[in-house]
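This is the structure I want to talk about, given as structure tokens.
Which chain is which? They are A, B, C and D, in the order written, and residues in each are numbered from 1.
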């Protein structure tokens, strides 16, 4: 998987998934709205691979609601095909961070299907913007430990 | 809509819906799991038509989690077709109630598509089984007021 | 609804919806991925209000797959709240068009919740890019007739 | 996993899944309609573990649309918890088959969360009821080979 590394934020994680029937639509391909659900599962996988669940991040008092989501559709996937969702942190703001995503169809020669990102605000439990804590930056800059 | 009244619990409500693209699957018809979502919206419509939102029922201290769900698929619906979901209370238990549903495809001569039911426990906010309160029975036995 | 007209493409349509339980998540608000599903229903409503279903557009040999989707989250909505999704055509390309969206929470003083857009390629049934047909432009430039 | 074997159809398969945010609802647990989506993924996993994808079954001219679905909710699961969906063929009809399911919460001491079944008609590509082919019975009676 070397070829894309240059342009994708490092470190990254890869979340594997198989397209279910319920995720397809009458075009016989994955419904466009389901990619945001995949992105959510992939970024959750990203932090979990580094040793901390999203639920624990919240328990430590850091909420990361999505402020912006973007998706560019290049190719699709059909029922039962296997996909890989790649995730990395593309940008750090003072009180925000942005996850980047790429989706590959491994059943079709690892064709790039989708690119996207989600920008997250960093909030206290009271809903105030707060600086991204150092432990979260450190976590996301580690290589996977699991 | 007289013809089905004999066999369906009265009073009833009818929730109209148009099939979206995202609700279809690669068979080009509504995905079987989406009916439970429709049932939820239809029973919410049933109580709302009688003057009380589901959220207010919860605010009054009555939780109605689903204990059992059943669905019998007879025919389906395609993208953009219009359906009607009929709802009534089929059975009252001491600490439970059962909603019955029928789904009709009004784009296909009002064909009966689906029958189903959901059984709900009646719980206190502390999660204890409690008798169904009289005001809830009275509410559900009214004709629609909205 | 005059106040936003200046900045939103005209003509527009407004699609009403009530938030269901299944659309909320553990934050007790609408899950971020569901907005793309609402956008789909709203643009389908936009063309239907002008006299043509999306299915008929496809039957006439014009496919409009989503090439890009964007969503900016400003506020959210809780269970049973009522929302309005506003839709208009923001941009015409030679072989593409872009729908713009705004989502308002009418249960919270018509608060603006979300802005977004979806860009669609204009394809022949064989999957070739084709110029947007004039009848489609004419349709989208009409005021609602239904 | 010996303890439940006696009462559950053999052979069985176990499909692992982690609860995503999008699958939860405002009760902070898995939305009741999502179980049917899990059942679909679990029965697809069941046949795949025996060497044949669902798509190939269809390609061989056997369609298995759901005729009935049932779900009994005993306990739930929260965000990020891990579940196992167990699947086996509970009943063979002449032109139908029934999959049985159990869902366990492995994050809560393998608590039994849900029981359910889906009954499937066996149809030709022309939509006619046909006897269940022998190769399909043989497939489902094998132990997993993958």
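The criterion applied here is as follows: a residue touches a chain if its C-beta (ideal position, glycine included) is under 8 Å from a C-beta of that chain, and two chains touch if they have at least 3 such contacts.
Bear in mind the structure is a predicted one, so any value in this text is a computation, not a measurement.
More C-beta pairs in contact connect the chains of B-D than those of the other pair, out of B-D and C-D.
Comparing mean CA positions across the assembly, the chain most remote from chain B is A. Separation between the centroids of chain C and chain D, computed from CA atoms only, is 36 Å. Measuring from the averaged C-alpha position of chain B to that of chain C gives a distance of 28 Å.
With centres set at the average Cα position, the gap from chain B to chain D is 25 Å. Contact of a single residue of chain D with at least two other chains is seen at positions 21-22, 33, 37, 40, 79. The touch graph of these protein chains is complete, with an edge between every pair of chains.
Taken in their complex, chain D has these residues touching chain C: 21-22, 24-26, 28-29, 31, 33, 78-79.
Note for the complex: chain C touches chain A at residues 27, 32-34, 36-37, 40, 65-73.
Contact residues on chain D toward chain A in their complex (touch as defined above): 18, 20-22, 37, 40-41, 44, 53-55, 79-80.
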